[in-house]
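Look at the two complexes coming up: chain A is in both, with chain B in one and chain C in the other.
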Partner chain A sequence: MAIMQKNYLFGSAGKWRRLTPLMLLIPGVFLYLLIALGPSLATSVYSFTDASGLRGAAVNWIGLDNYREFLFEGLASRDNIDATLRTLRFSVLVTFIQFTLGLILALLLNQKLKGRTFFRTLFFIPVILGVVIQGLMWKLFLQPRGGPMATIFDWFGTQSEFLGGLPGQAFNWVIVVQIWANVGVTMVIFLAGMQTISEDLYEAARIDGADGWQLFKSITWPQLTPAINTNFLLNIIGSLQAWQLFLVLIGYKPGTQVLGYLVYAEGFGQGESPAFRQGFAAAASIVLFLLVLVIGFAANRYVSWREDRYMA
Partner chain B sequence: MKHQRRVWTTLFVVFALVLAACGSDSTESTDAGTATTGAGSAEEVTLRVLAHQNPTFVAYMEDFNSRFQAANPGVTVAMTVVGQGDMASAINTRTSANDVDVIDFCAGSCSAFSNGILDYMGDNYGEKPVWQQLIEAGLLMDLTDEPFVANFDEIAIRDAGTFNDRVYALPMGRVTYSGMFVNNDLLAEVGVAIPATWSDLVSACEAIKDSGNECMTVGGGDTWPIFVGASGLLGSIFPDQAALAEGLWAGDIKWNEGKGLEAVEKFQVFSTEMLESGVTGLGHDEATARYAGGDVAFMPTGMWQAPNLESFEPTFDWTYVPFPGSDTVADNEYLWGKYDMSWMVAADTPHPDVAMAYLAALADTTEYQTYLDAVGFLPTQPTASLNSKLGDAVADLVPAYRVGLEQYWVSPSGAGQWADGRQAAAWFAPFNEWTDSTELANQIQADLDAGLSG
Partner chain C sequence: MSIPLKNPVAALDKAPSFSTRSRNVKIASYVVLSIFSIFYIWPLFMLVNTALRPLTEYLRDPAGLATNPSLANFADAWELANFPQYMLNSAIYTVTATAIFVATSLFVAFPIARGYFKGSGAILTLYVVALFLPPALIPQFQLILNLGLFNTRPGFIMLFLINPIGMIILVNYMKSIPRELDESAAVDGSSYTRFVFSVIFPLIRPAVATVTVLHAIGIWNELILPTIYLTNQDLYPITRGLIVFEGVYGSNWPGIAAAVLMLMLPILVLFMFLQRYIIGGLTAGAVKG
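What follows is the complex of A and B.
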């Protein structure tokens, strides 16, 4: 006991021993308040004002006007609600496809195949590129005048305007790019999970005559529960908040906006006759936050239930 | 205990450093004091300039900055070039952070003091324009009493630099965006005359396409060049665009009736029949480069692309004419346009004298002519002239220059995303989902009415 007290960072006095952990937390809590919680709380306060975001500009308390405008005012509210629904659609499709694809890639690249390190690197490389680089690459790839994808389409006697064409088509291409850009992370998390599964389990199951599907269903899938849960949550939250690719790939085009882009456009004066509306943008971001919160909470409950079921 | 004191002292120092980092920049305060010694002193001053991306403009600015630095020892110009689409957010963040001294106001449609709130809008407008927000926040320096303001046209200063009788911006030129570049060689090869009416243009496009060439190109990948390219068409139908904006707000003019519907129908012909396929993948400058290749007959866009066109292909034989949107020749004789970029000074610049010296140098009449020769704008200084091929092409049309709807239009609060009908050319397939002009016209009017009735 005496040795423990002597080695204790802040000495042996009883009150210091009790206070020390709390004091050590202060820098972290301070930084959290400064760069995370503080701005979040400020955003919620901002959402009840007509703030432009400009230093020195008058800020007036307008109550729920921003929320009323977002949800009910004229046909602009239709566009806002469409953007919200589009965000959900984007999230569902990205989560489902990215999760499935990441799992398939991880299963393939967890085999003892020749060149698997190369392919792991190949699928992970997009993750380390910035959004602008990712966007520019795909804009070139999807160039309708003689670009690589246009040439492939041409082989099959068809053509497309890709990102510059119909809103639904452009939107789907952003989904493709979003998945391409992030599937590497999903794959790596699954791979990490697979490598923690004991080979003994598979060996025992094989001796009992289990086939590939049974191995996956009865061993891999339950044992992957922590990785599945992590990927599920990361994919949902990441896709709900995604908007930068829309900016780089499409720009401000009717019929393609997601909520995150709408927040940026309103807050930072995008469009032909721009104005800074950071109070309204804050209200839109609170709507997005609530969306993430509700879906994230439901997803979290679900993954907790899975963990209880499979890992208990 | 000694050990404890050391740990606590360390923690205290760390906190003090963090708090100091969050505080004001004392170095800048010192600079603010010394900057009053002015340009030309030996004091080391860095002047932070924010400028928009345009190849010929940026080339001119780099040359000007070198000359300014040579004439003002100790002054370093740190110019940041930002894409036009990002200028609004760059202006917002950098003025708010007091991280800029001189601002090239080229946000949104790059138009000085446009889209102002007018009496007929009442309080039903969505938001004040960026320039007004900046002035009302006290972020722009009042230039009214600066002697170089007198170098500019009174009308230009009044319309594009003044708010509440105070001058805040130097409008550096006017441009027309309603005309179209004409490929003289291609027209001669196909045997088609420069079209003077809408019907002529439709026939010319058919003949050009039949010859295996393309009729028109624009930078559709950037979206705005599509509807800006069609702005001359709208001008031919509505020759008073201030009255058009007011008429739309009053409900006297509707997009789904009469001339409004005619405009939307012609926009569809423009987008779906005249523009070449694949323009959705071309940026604005890329379209100009492609046009310089000689396979396309017309490029409807702003005159600011003339210097780029000349630099891409100096031997290319072109001219610039009004877009013929009407079958009455007299309706097609106007050039529609805007005041383009303008210079402003951040109110809290720590180097006000250097910033003013910079603006004075830019506004100098001899320097202004150099600038004009480089960028090819219509002058806003009475002593300057547009000495270029483009200047020759539009010389007779300058008296018929008018400010376009783009500069007047403000959508009412609550209006839907389709309310700004002047953009309709960019909403037809292949650029967007609309394939029926009447349906789109009805949607435009419904989206506008939703705001007007609010």
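What follows is the complex of A and C.
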């Protein structure tokens, strides 16, 4: 049997030459190293330079200057730190709300209900539409003068400038759209998890007289551990890096920036200065990366602790 | 064989109340789901509604209903937004990049799944690692710039030739294909290329479909990379074109709504036919722990 496991492709039985598979493997791996892995690793190198967006321009090593500027230099650094804290706030709110809503929707749609396919599809559709459609749809819906949402607000005697108003207000609406757009993925992952739970467990517990909450607490929740962990990690990491809806919905406005957007704006001349400050942007993206790493690592530790507790 | 009940009589007593309760649960579920649906149906409805109204009517009352719907906005947006060109560009980028990605990935994934090379495990690790590394945005730009591929179709397409998650899905699926097939193919004298294309490819079609659809949707919806890499209007994909259109015709929401619907249509059609592959891909490995 051990021989079967071995590499008979190139053994005496096979006729394929060793070179062909290797030659065919190379293009894919080469592209991957060139476009993804190489640049990804090079980000840290660029963060120590003054690289610009000009072709052939000299790139000088400036040590930790970018990081110093990001963290400590004048008013701009306060904005950067605010953007970092805002990123965290965005992530915590999005993760918590999206996780909860996704779980509720999945629980409701895991019942035998008429029209559940319709509901599942409806909540999932925004996921595949992409940020441009998601964003423009809500920009229309949130028109401050006489738009649909403004009309509802009017019924209750309140008003809102929505996306064009106070930065804090606009920021909150981006959170709403972000969750609206992505809760479908969370729901679908929960549903897939629920389908792996055996109906016998519920049957047995019902015979013992367990009520709905007890069924959820002692069967669904522990049995759902893999899906819970996946969603928890995906939501945290995804929301820390999400920023494209900000671009479509409000643009680069003071008081609403998050780190991902800051990287893009600084690196490609969309911020206050039209210069491509790529070295600085690389440093900012390393800050974001470290944030994702630390939080992702902590979340992962928590998740494996839960797994030991429930799955063992 | 009887099921041991703590108190059979109490259980019988509970039966009718249980069914009323389950009916109440159902009603409550429908209420909650309907409230949620409003936030999905209404924006979509308003989008369609707005697209069907003349601009003057919309400006007078943005939330009003289309009294005499017309398709004029679609024709206008089609012309003004340079839609045919942008759609064509999007199609070129999506199809070319996805085809190259899938073709090259098959030949990476197969030997890795089989462990045919020393260090194929290490190659797979390279793909997994990428999911946890810093974004490649800045050095990638420097690379394309210095290769002289900035603002060109090949340079733009190059950015979409890889997909680590797609590769991992392919490798995992290929592991379920029996190895005996390789041996008999080799003994029969089938060439390696032919074997991968005509034996392995059909067997892993579900995985290929998932990866293809997810990759293609990602390219079709991409907004940031075209904003960075393409400055020539003739090269814009539809997403970038639409954002430019929104910037120029900022208050012409009927026109924008019509354009958004036209961008949405191909994705929705694709989704209806390929739903299970999309959802299968997004939940792949997510529930097994």
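A few remarks follow.
To be clear about the criterion, the second predicted complex is superposed on the first by the 277 of 312 C-alpha atoms of A that agree within 3 Å, B and C clash if a C-alpha of one lies under 4 Å from a C-alpha of the other, contacts with A are read in each partner's own complex, and residues count from 1 in each chain.
Operating definition for what follows: contacts are C-beta pairs under 8 Å (C-beta built on N, C-alpha and C of every residue); 3 or more make two chains touch, one makes a residue touch a chain.
Keep in mind it's a predicted model, so treat the numbers as computed, not measured.
When the shared chain is aligned, chain C comes close enough to touch A:124, but chain B does not.
In the overlay built on the shared chain, the residue A:222 is in contact with neither chain B nor chain C.
Note on chain A: of its two partners chain C and chain B, the one contacting more of its residues is C. When the two structures are aligned on the shared chain, A:147 is found in touch with chain B and with chain C. When the shared chain is aligned, chain C comes close enough to touch A:285, but chain B does not. Touch criterion not met for A:238: it reaches neither chain B nor chain C. When the two structures are aligned on the shared chain, A:254 is found in touch with chain B, with no touch to chain C. Of the two partner chains, chain B is the only one that A:79 touches; chain C does not reach it. After overlaying the two complexes on the shared chain, residue contacts for A:27 are found with chain B and with chain C alike. Touch criterion met: A:108 reaches chain C, while chain B stays clear of it. Within chain A, the residues touching chain B in one complex and chain C in the other are 9-10, 16, 27, 34, 53, 55-56, 143, 145, 147, 150, 264, 268. For chain B in complex with chain A, the residues that touch the partner chain are 1, 3-4, 7, 11, 14-15, 18, 22, 85, 88-89, 92-93, 95-98, 107-109, 114-115, 126-130, 133-134, 136-139, 220-224, 277-282, 406, 409-411, 413-420, 423, 427, 429-433, 446-447, 450-451, 453-454. Those residues of chain A whose C-beta lies close enough to touch chain C in the complex are 4, 7-10, 13-17, 20-22, 24-25, 27-29, 31-46, 51, 53, 55-56, 104-105, 108-109, 111, 113, 119, 121-133, 136-138, 140-141, 143, 145-148, 150-151, 180, 185, 188-189, 192-193, 196, 207-209, 212, 225-227, 229-231, 241, 244, 247-248, 263-264, 267-268, 278, 281-282, 285-286, 288-289, 293, 296, 307, 311.
In the complex of the two chains, the chain A residues touching chain B come out as 9-11, 16, 23, 26-27, 30, 34, 52-58, 69, 73-79, 139, 142-145, 147, 150, 159, 161-168, 251-255, 264, 268-277. Within the complex formed with chain A, the residues of chain C that make contact are 3, 5-6, 10-11, 14, 25-26, 29-30, 32-33, 36-37, 39-44, 46-47, 50, 61-63, 104-105, 107-108, 110-111, 114-117, 123, 126-127, 129-130, 132-143, 145-146, 148, 150, 158-159, 161-162, 164, 167, 179, 182-183, 186-187, 189, 191-193, 196, 217, 220-224, 227-228, 239, 242-243, 246, 253, 256-257, 260, 263-264, 267-268, 271, 275, 278-279, 282-283, 286-289.
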